[in-house]
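Going in written order, the chains are labelled A, B, C and D, and every chain counts its residues from 1.
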Amino acid sequence: MSGSTIIFYLLAALTLVSAVLAVTTRMIFRAAIYLLFSLIGIAGIYFWLQYEFIAAVQIVVYVGGIVVLIIFSIFLTQQAGDELPKQKMGRQLFSALAAFCGLALVLLQIAQHAFVETGGEVVAPTVANIGNQMLGVNDGGYALPFEVVSILLLAALVGCIVIALKSKPEQT
Amino acid sequence: MFRETEIVKDVSSIPPFPQDAVQGGGGAGDLIINVGPQHPATHGVLHLVITLNGETIKKVEPHLGYIHRSIEKMCESLTYRQFIYVTSRMDYLSAHINNHACALCVEKGMQIEVPDRAQVIRVIMDELTRIASHELWWGAMAMDIGAFTPFFHAFREREKINEIMEETCGARLTMNYYVPGGLRADMHPDFQKKVKEFIVLFKRKIDEYDELVTGNIIFINRMKGVGMLSKEDAVSFGCSGPAARGSGVHCDIRKLYPYAVYDKVEFDEILETGCDSLARYMVRIREMKQSVRIIEQLIDHIPEGDFQAKTKAVLKLPKGEFYTRVETARGELGVYIVSEGATTPYRIKFRSPGFSNLSALDSMARGSKLGDLVAMMGTLDLVIPDIDR
Amino acid sequence: MEKEELKTKIAELLPAATFEESGEWLNILVTPADWLSFAGQLRHDERLLFDYLFCLTCIDFKTNLTMVYHLSSTTFRHNIVIKSVLDRARPEIESVSHIWKTAEFHEREVYEMFGVDFLNHPDLRLLILPDGWEGKNPMRKDFEDPVNMIKL
Amino acid sequence: MWSLTNISTGIHDWLIQTFNPTWALIIEMVIAGIAVIGLFAVLGLVLVLMERRVAAWMQIRLGPNRVGPFGLLQSAADTVKLLVKEGMTPDGADKFLFNLAPFIAMMVAMLLMVPIAFAKDFQLWDLNIGVLYVSAVSSIMVISILMAGWASNNKYSLMGAMRSGAQIVSYELSAGLSILTIVVLTGSLNINDIIIAQADGWWIFKGHIPVIISFVIFIIAVTAETNRAPFDLAEAESELTSGFHTEYSGMKFALFFLAEYINVFIVCAIGATLFLGGWMPFHIGNWESFNHVMDYIPSSIWFFGKTFFLIFVIMWFRWTFPRLRIDQLLNLEWRYLLPISMFNLLLATAIAILGWHF
C-alpha cells in the first residue's frame, strides 16, 4: 500500500466516521461539529485528488458558510449542554431503512457501471480553465446554470432581508 | 453570612448569585449576566446584574455592599478628631476633599476660625486632589473603552501630584492632612516650587490628552449620544458633580455655597448641555484646566501665619445638627452630624456623590448596548468605597 | 427665599407642621401620615419647587426613629429639612421614590440599616447587606455583633 | 550567496539520492512539520515579546527587562509558567469540544503556513490557488472560537463567540475583495506568480490608487479578522472579561494566545506578499543597477522585514485606538468597507484590462 492510498483511506475514514457520529450524537452542537469534520474530510479528498480549487471552494462554502450558519442558529435557539431526547423506535427504524435504501441505490449504480479509463487528454484543473468553463457559452460551458444559480441565491438573499425586516414591528 | 470566624468547608453551601431575584427580567430570550463583583469594568467590587436581550440592555440592577465597612457606624464611636481619618478611606481618590468636608463640619459646630494660611493650602490641596482624581478617571475610562495607553500617560502626571502630597502629608493616597481648625502640619518648603513645576508640565500634557483621546473618531462615536441623562432626571436622581454638569445642571458647590477661599478665586463652573457621555467627559477635561487656574492664582499668595487654630484638647460639639457640603471630584459630598453634646457624634451621615450617581445608571443604560455600559460607568466615575461607605 | 417667607408659605400648605429654626436651615416636623401629600406639594408648588433631594437618612434616637429629608431647589436655591418621627416598634412611612427618583436607593439603604418600612416602594429589597441577611438592623443603636464589632 | 533555497534544495537532493521516493517524501514531510512547529514556537515567543515591547514603548514604560538579557527570555519563562499551570475544565462544559477548540485554532494556524513563500523558492507547497487557500482555511478559525464560546457554558464566552462569529464572517468579505484586486491585476491565484509579477515594482507602488485603497481595507479587515484591537470585541475585557477564552487556563489558553499571534503573522505575511512584494527586493522598474544592488539583501530578510513592519502597524493600532462597539463595527463593514471595496475592485479590473498599471 503506497503512502497515497493510506492518506486516502485515512481521509475516507474521517469523513465516514464523523458523518455517522453527526447523526448519532444527541448533542446538537456536537452534531454540527462532526458534520464540519465530515465536510473537511471531503475537502481533504479533493486536495488528495489535486483539485485544489474545488477543495478550497468546499471549505469556503460549507465550512465558512453553511456550518457557521448552522452553529449560529443553534446559538440562537438552544441551551448549552442540553441533550436532545431519545428518538422513538419507529423513527429510528424508518431512518435506518431510508439510509440503507440510499446505500443500496449507490452500490447498485456502482455495480452496474464499469469504470473505464478516459482516453482523452488530461485537462489541468487550473483556475483559468475553470473560469473559462464556468462562464463559457459554447458547448460544455456552464454560463446558463451559473446564472440560474446566482438568481436563485439572489432571490434567497432578498427573501431573507424581507423576513428580517418584517419581524421588527411585531416585537415592540 | 460568612464571618471571619467561620470557615466555609462545603463549597455547595455558598448561595448562588441571585439570578432569580431580578424583577421584571427573565423573560423569554433574555440573558442575565453578572458583571462583577470581580470584573474588569467595575473598578472595584461592584456587582451589576444585567438583563440583556441580545446585546441590548433591558435592566441594570446594582448589588452593593461588597466593600461596605459601616463607616457611619464606626464614626459613632470615634471622637471628632479621629473620625476625619476614616473618611479618607471612603472616596480614596479625593481623600483631602472628604477630610475637608468633615473638618468644615466640626469647625462649623465648634465655631472655630481657620487661619487664612490653612484655608489657602487646603484649597490648593483640594484642587491637586481633583486633578489627580480626574487623571485617574481619564486613564481608567479610556481603558474601559479599550484604549490602554492613556492609562499610563495619566499615571505619569498623577505620580507628580502624589510626590507633592507625599512630601507634605506623608502619604500618597489616604492623606489625613486636615484637622479641625487647620492642618496637621505646615506645608513642605519645596511645596510651592514643585506645584509650579507641575502646573507648567501639566498644561502641556493636557493638550496631549486631547490629541490622544478626545479627537479620536472611534472615541467620539463611542461616547456621543450614549447614556443620555436629561436635566430633569439628573436633578431627580440626585446626581451631582461632573455627571450632573454634563446635563447642564448648575450644581458646583464651590460656586453655590462657597467654602474656604473659593469665593476669592476666579474660576468657571463647567457646564455642558450634551447630556451624554461625551458631555460628562468634556466637563472633567475642562474642569482640570479650571483647577489649574485656581492653583495658579493661589500658589504665589499663600499668606503667612499659623497653619492651625488654637483648639481645645477635647472637642465637644454642642447639641444640634450640622450639615456641610463640599465639591469632591465626583460631586457633592454632604456630612451630616447629629450631636448630643458628647465627644463623639451621635449619628453621622455621609451623603456620598457616587451613591446617587449610581442610582441613575439603570435609567441611562436601558435600551443601549452592552458595550455602552462601560462608557456610562466610566463617565459616572464610580468609586465603590464611596458608594458602599 | 428667606427662612421666614418659606415658613409662611409652608404653613399655608400644611398647617399641622411644626417648625424649628435653631439650625442653619428651616426644619419642619411632619407626621408620617401627612408626608406623602406634603412631599408632592413641596416638589410641584411653583414657589417652592424642591426638586433636589440631596440627603435622605434616618436617626435612631432610642425612643423613636426620625426620618430626615434634606431638600433643595435648583431654581430658587433654598434649602429645607423635613423631619418625621416614626414609631420605633413599627416604623412605617410612605415612599417618595416616585417624586424624587434618588429616594429609591436611599430608602432601600434606610430600610436595611434601620428597618423602616417604606410603603409603596417599587423594589424594597436589601441593597448593601448580603442576601439572606436576617435579623437586626445594623445602624440601630441597640445592634450588637460580638464577632465583627470592636468596642472602644 | 547564502540563501534558504540552497539549503532546501541540498537537503532535497540528498534525500532523493539516499532513500527511495516514498521514504524521501515522508522524511521531507517530517522535516517540514518540525520546521513549522519550530517556526511556530519561535514566532510565538518573538511576537509576544515584540507586542510587550511595542506596548511598553508606547506607554512610556520599560516592558519586560528582567528575565535574560534585555528581557529576551521573558516569553520563554511565560511559556514554562503556562505549561505547568493547571488546565481547568469548568463543570457543566462540553468537555470534548472545550478541549478540542484550542487545537482546532492551532491546526488552522499551522495549515495557513503552507502556501507562504518565506524566501525565494522557499515554500512548503506551491499551491496554484495559494491566495484562495489562505482565505478558505482561515474561515475555519471562526469555528474554533464558536466552539470555545459554546462549550465553556459561560454567558460571557457565548456572547464573545457570537460577536466574533458575526465579525469574522463580515470582514472576510472585504478582506477577500481586497485580495481579489491583486489577483485581478496579476491574473493568478498562485503566490509565487503574484510575487514574480512585482519584480519591476511592488503592487502598492505600481497599482495606482485602487491598490492603495485595497491595501488600507485589507489591513483594517485582517485586524478585525484576527480579533485584534480596535476590533477585539470577542474578548473585550472591560465588557466580557475575556470573551470566548474566559474559561481557558494553562496551556489551552496559551494555544489560543499563540494562534492569535500566528494568525497576525500570517495575515501580515499575506499582506506583505500581495501588496509589498513578499520576498521580492525593492525594485524600481528596469533600473538594473539599482535592482542589482537591492538583490544583495537576502530575500528572507526582505520578507520578514515587510511582515514585521505590518505586524508593528497592527500592534500600533492596538495600543492607540479605543474599541468599537458591535453595531459600529458591523456598520463600518457593511456600510463603508464593503461598497468601497466592491467599487474598488471594479476600478482595479478596468485598470487591469486597459493595462494602465505600470
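Simple rule for what comes next: contacts are C-beta pairs under 8 Å (C-beta built on N, C-alpha and C of every residue); 3 or more make two chains touch, one makes a residue touch a chain.
In this text, all values refer to a predicted model and were calculated from it rather than measured experimentally.
Novice: Enter the minimum step count from chain A to chain C; a value of 1 means the two chains touch.
Specialist: The fewest steps needed to get from chain A to chain C is 3.
Novice: What chain is the most remote from chain C, judged by the mean position of CA atoms in each chain?
Specialist: A
Novice: Let me have the rounded angstrom distance from the C-alpha centre of chain A over to the C-alpha centre of chain D, please.
Specialist: One centre to the other, that is 28 Å.
Novice: Whole-Å distance, chain B centre to chain D centre, using C-alpha means?
Specialist: The separation of the two C-alpha centroids amounts to 45 Å.
Novice: Measuring from the mean C-alpha position of chain A to the mean C-alpha position of chain B, what distance in angstrom results?
Specialist: Taking the mean C-alpha position of each chain, the two centres sit 60 Å apart.
Novice: I'd like to verify one number: the distance from the centre of chain C to the centre of chain D, where each centre is the average of its C-alpha atoms, in whole angstrom.
Specialist: Spacing between the chain centres: roughly 63 Å.
Novice: Chain A: which residues touch two or more other chains?
Specialist: none
Novice: Which positions in chain C are in touch with at least two other chains?
Specialist: Expected reply: no residues.
Novice: Return the residues of chain D touching two or more other chains; collapse runs of consecutive numbers into ranges.
Specialist: none
Novice: In graph terms, with chains as vertices and touches as edges, which category applies: line, ring, star, complete, or other?
Specialist: line
Novice: Can you name every pair of chains that touch?
Specialist: Pairs of chains that touch one another: A-D, B-C, B-D.
Novice: Residue numbers of chain D touching chain A in their complex, please.
Specialist: 22, 25-26, 92-94, 96-97, 100, 127-129, 132-133, 135-137, 139-140, 142-143, 146-147, 150-151, 153, 158, 161-162, 165, 169, 172, 188-189
Novice: Going by the contact rule at the top, pick out the chain C residues touching chain B in the complex.
Specialist: Residue list for chain C touching chain B: 22-25, 51-55, 57, 59-60, 68, 70, 74, 77, 81, 100-102, 104-106, 109, 123, 125, 127-133, 138-139, 147-148, 151-152.
Novice: Which part of chain B faces chain C closely enough to touch in the complex?
Specialist: Answer in residue numbers: 1, 3-5, 15, 18, 21, 23, 62-65, 68, 70, 72-73, 77-78, 232-233, 235-238, 240, 249-251, 256, 320-323, 325, 332, 334, 336, 338, 346-347, 349, 351, 355-356, 358-360, 363, 388.
Novice: Note which residues of chain D are touching chain B in the complex, please.
Specialist: 55, 58-61, 155-156, 159, 229-230, 232-233, 236-241, 319-328
Novice: Would you mind writing out the residues of chain A in touch with chain D in their complex?
Specialist: Per the stated touch rule, the residues are 2-3, 27, 29-30, 33, 36, 40, 52-53, 55-57, 59-60, 63-64, 67-68, 71-72, 74-75, 80-81, 126-127.
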